[in-house]
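I'd like to ask you about the structure that follows.
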Amino acid sequence: MNRKDHLTIIGLGLGSVMLLWSMTMGSELIIFWDFASVIITIGGSFCALLVNYPMKDVKNIFKVMAVSFKDSPTSGIETINIFTDLSKKARREGLLSLEDEIVTLEDDFLKKGLQMVIDGIEPETIKDIMELEINEMENRHNVGIGILKAWGGYAPAFGMIGTLIGLIQMLAYLSDSSAIASGMAKALITTFYGAIMANLVFNPMSAKLAHKNEEEAAVKDMMLEGILAIQSGVNPRIVEDKLVSYLPPKERKRFKEAKIVEGVVEGV
Amino acid sequence: MNRKDHLTIIGLGLGSVMLLWSMTMGSELIIFWDFASVIITIGGSFCALLVNYPMKDVKNIFKVMAVSFKDSPTSGIETINIFTDLSKKARREGLLSLEDEIVTLEDDFLKKGLQMVIDGIEPETIKDIMELEINEMENRHNVGIGILKAWGGYAPAFGMIGTLIGLIQMLAYLSDSSAIASGMAKALITTFYGAIMANLVFNPMSAKLAHKNEEEAAVKDMMLEGILAIQSGVNPRIVEDKLVSYLPPKERKRFKEAKIVEGVVEGV
Amino acid sequence: MNRKDHLTIIGLGLGSVMLLWSMTMGSELIIFWDFASVIITIGGSFCALLVNYPMKDVKNIFKVMAVSFKDSPTSGIETINIFTDLSKKARREGLLSLEDEIVTLEDDFLKKGLQMVIDGIEPETIKDIMELEINEMENRHNVGIGILKAWGGYAPAFGMIGTLIGLIQMLAYLSDSSAIASGMAKALITTFYGAIMANLVFNPMSAKLAHKNEEEAAVKDMMLEGILAIQSGVNPRIVEDKLVSYLPPKERKRFKEAKIVEGVVEGV
Amino acid sequence: MNRKDHLTIIGLGLGSVMLLWSMTMGSELIIFWDFASVIITIGGSFCALLVNYPMKDVKNIFKVMAVSFKDSPTSGIETINIFTDLSKKARREGLLSLEDEIVTLEDDFLKKGLQMVIDGIEPETIKDIMELEINEMENRHNVGIGILKAWGGYAPAFGMIGTLIGLIQMLAYLSDSSAIASGMAKALITTFYGAIMANLVFNPMSAKLAHKNEEEAAVKDMMLEGILAIQSGVNPRIVEDKLVSYLPPKERKRFKEAKIVEGVVEGV
Amino acid sequence: MNRKDHLTIIGLGLGSVMLLWSMTMGSELIIFWDFASVIITIGGSFCALLVNYPMKDVKNIFKVMAVSFKDSPTSGIETINIFTDLSKKARREGLLSLEDEIVTLEDDFLKKGLQMVIDGIEPETIKDIMELEINEMENRHNVGIGILKAWGGYAPAFGMIGTLIGLIQMLAYLSDSSAIASGMAKALITTFYGAIMANLVFNPMSAKLAHKNEEEAAVKDMMLEGILAIQSGVNPRIVEDKLVSYLPPKERKRFKEAKIVEGVVEGV
């Protein structure tokens, strides 16, 4: 799976195209490029992050950014279908028969949980271990959300620092007109870079990751509920009913309609 | 029903007229129009929203904005009158007689609740299902409120980005006076667009939706209370007394005065 | 009663005089007047309020502003004296004798409560009804406090929008010097109007109303306690002791000193 | 006692000297003085406070500011020593013997508490009365902290209003160069005054008062504990142990070292 | 131990190099140096801190800043290894045998706890005393975090005050071009200094200290758990299991892998 989050890509791509197009209206694009400004804005704000965060958090920052380009690996409806199949099989052929199914599953969390069921571990222990894992996932995500938000705050600040450097240079050499151009370019370009980094990249990405975090945690809660239901050997229909209550209203409706169609086809 | 919220329309209309009038004072209106600025401010901030929110939320944004132009579909006083009639009928002719009334009702939430009463479903189950529906409605509204607020934050930010583009262009071609005009126009016009979008449109609309959300949730709470009262078969007068306590003081007064007039006319 | 809150009047008056005086230092006052700026700043921000709030809240805004010019109708010490007299009379001549006193009272809340006591309504019912009324009063006040705060936020925003209009006009007609004057005047005058509206009028008024709200709620809590004490027929001296504990330390001291003087005079 | 808080005085003094010194670098000091600017910034922001706060709070504002120049009247270590002496005396000669000691005490809170012990008032009553007094002290302080913070917010706002007045005046008389000087002076000087008032005076003072408030409340809690311990007649050593646990770690260490020295000297 | 936090040093160092490099692009470095600006920005904001905080907090500020350059003294994995060894020894040779080990330990908190175990103090008392110590450490750290954050707020404010001084000087001597240079230099350089102090030094350092605080508190919680486990004489393997649950997932994995390697080598 690991489908792409097309919206993040479209947003960043379309936003860049719009900005580039309007930058070419009435001027050449090259006037918006300044290497020293890149160093001050991106480099400077990254240095502030190094002071701000411990090593183990900074190391993950690019992995974290990549996550906002990926769609949530498992959707709610798929998860319900998986569990309906698994619980039917477990009822007919016993819990041990799930061993063959585990190999075909893609989600590590789900695999681990089912393996524990097959190994005959106590439900309380399974619950404790898997809830701890969900908590750990949320903490890991929150660090990523926080570090992107912090970068989104330092970027405009270092943009302003670059602008001040440029203005001071310009004022010091008022008589030399070439220095004015160089100074003012850095002056406004750093603020420009900082504003784009914060408002098109870091702040929206940080918010997107927070949405994904909520969604993934909800799917994992659903999986835990399903695993415990299979272990307790309840009716597959009840397993399905329980999991459906985790879906948002729209998906619930779509799921029910799909069931009806399926029911008609299956002749149930 | 679905009456219009005249205040939202008047506020937006009158505000636009005032701004347009003052823009024509001492200049032609055309100087405030710049296509590239529209692209940067509206387009750019919308791209940031695409990065910020998942697909299912962004898709609803125009539907959400339309809601702030509509009045709450059902008012408190009407709801009380409906319930007084329904409870009288239920008392005289039995709960099943309500079946004919349901067809004439306009509110889906009310219809669903009464249908469950006629179907003889347990009060606890009715309460659970309908409270879940109220919760879902509030969650749906909160997403809409949040997305408008986020747009109201990104709009001025992209206004500032556009201003920076314009200023950098102007500084790069200081010798060419026509470029100055083009540059400065974009420079300030984007900030101008962003400020109006945030302060006349998105922020007030987001706050209006929050008010509507509270009001609708209160009416639905009232309906749930009324449905459960009808099911338990209490006296119509007590049903009315219970529901009146949900009204704000002014409406309560108006309702009582209307009752007295009615009482005199009816000779009660 | 309905005494004026001299401090609000003095603050607004003195503040205006100071500003006007410094505006006349080195220039004529007329340069600070611009009709279009009034329209943009006051009119525009009021239109944003129309979009922001439902009709029933906007309608009350001028009534709400008037409240911040009035002093709290009843003070704590007066209230204690009223209750000491009432409880003495109730003890000597019975609860029904209070009927004559009610006519002379000015506070509607107090009248309503005592009438219920005379009518022999249960203490629990009186408590419920009067606490509901206190809650409603606080909600009503909070809407007023919120709407003034919102206006205090929109006013500087529309001041900035007006400034942008003025700057864009000025830039468009750089060659025409009379347009510069007109443009720049609007430009800064709207920001000036918005800053005064927010910092001298709306924000301080909103805070003053919040103080008044707390005070009035405290007096009403005191009245409720007093009414219930009279109904239960406790000793007038105990009624007084109970109510005194609601006073802030300074007023408590003043009240005790007044009692001693009175005691000496009365020869008690 | 009432020792001075040297740090507040040093901070304000040294800060003023630094600012004055840098103001004299390359210019005469007189250019930073403008009477109209004082009126707008200090007078205007004070008028906003008059609208913002009720009379009884505004009246105390200068008394409140004076407090931030005074050190906390009683330190923790002194308080422990006082209580060790008092509890020894109470054990040897009885509670009534404390009457002579009270006269020599400087703290009113402590005097009142011990007087109640001598008068034989119940421990619960003493606790209630003295906790009420601590609460009242904290409320009184919080009003002072809030009013300084509010002034620290209005001062820069009125600084900006003064700057706008100056800029508008300057723009209106562009042809008259003497008006420019007068206008621009007021323009920036008011912002300058407002920034200093907020960042060197009101905001830091407000924070200092909050620290003092916490400290005084801790000392009073300690006194209350000590008074109740004396009343219950526990061993002086246990009184001391209890009170020591209220000290911050550093003072605790210092206190213990002092005890050892004392012990050696006393030969205990 | 007391290893250095290389990230803080790298962040500050690399950030400074980047800023210095871009400052030398197109100008000499000397134009960014102004002694009066250092006095206003660093000195002025430090004076505001003196007014803001009590003596005992201000005294520690440089010690606090030094902490953000040091790595946490003890890591989780080391701590577990120490406890595994200690609990093995305690089991074989009795609690008193730990006396020899204490001398070799570097952590004072750990030493104090083990000494109490050897001295036969009750588990509850040990827990109380050591939790108090953890609390005190956190309070001490929070004061440091708060004071750096406050400095990070006052620094840009005094940067702006310096800028205003420079602008006013420049306006007063418009005719003297050398004064303009001096005035404007101070004007922008102070804002530049203030922005760097806040965004590269104080704010990130304050956040780093907050991370360190959390980490150290977690290690100390782990130590307390280990000390109590040794005292109660549980199996060394269970001590290890308990402490491992305090590690973050990554370290837990690394610890387990190290154990396996060790196990193979040891032939267990």
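Labels for the chains are A, B, C, D and E, by order of writing; each one numbers its residues from 1.
The working rule: contacts are C-beta pairs under 8 Å (C-beta built on N, C-alpha and C of every residue); 3 or more make two chains touch, one makes a residue touch a chain.
The shown structure was predicted, so the numbers you read here are calculated from the model rather than taken from an experiment.
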Other chains in touch with both chain C and chain D: none
Self-contact between copies chain D and chain E, residue sets same or different by half: different
Chain B-chain C separation of Cα centroids, rounded to whole Å: 30
Chain A and chain D: spacing of chain centres that average the CA atoms, whole Å: 48
Junction residues of chain A, two or more chains touched: none
Chain E contact footprint on chain A (complex, rising order): 36-37, 39-40, 43-44, 47-58, 136, 140, 150, 154, 157-158, 160-162, 164-165, 167-169, 171-173, 179, 182-183, 186
Interfacial residue positions of chain B with respect to chain C in the complex: 6-8, 10-12, 14-15, 18-19, 21-23, 25-27, 31-32, 68, 181, 184-185, 188-189, 191-192, 195-196, 198-201, 203-205, 207-208, 211-212, 215, 248-250
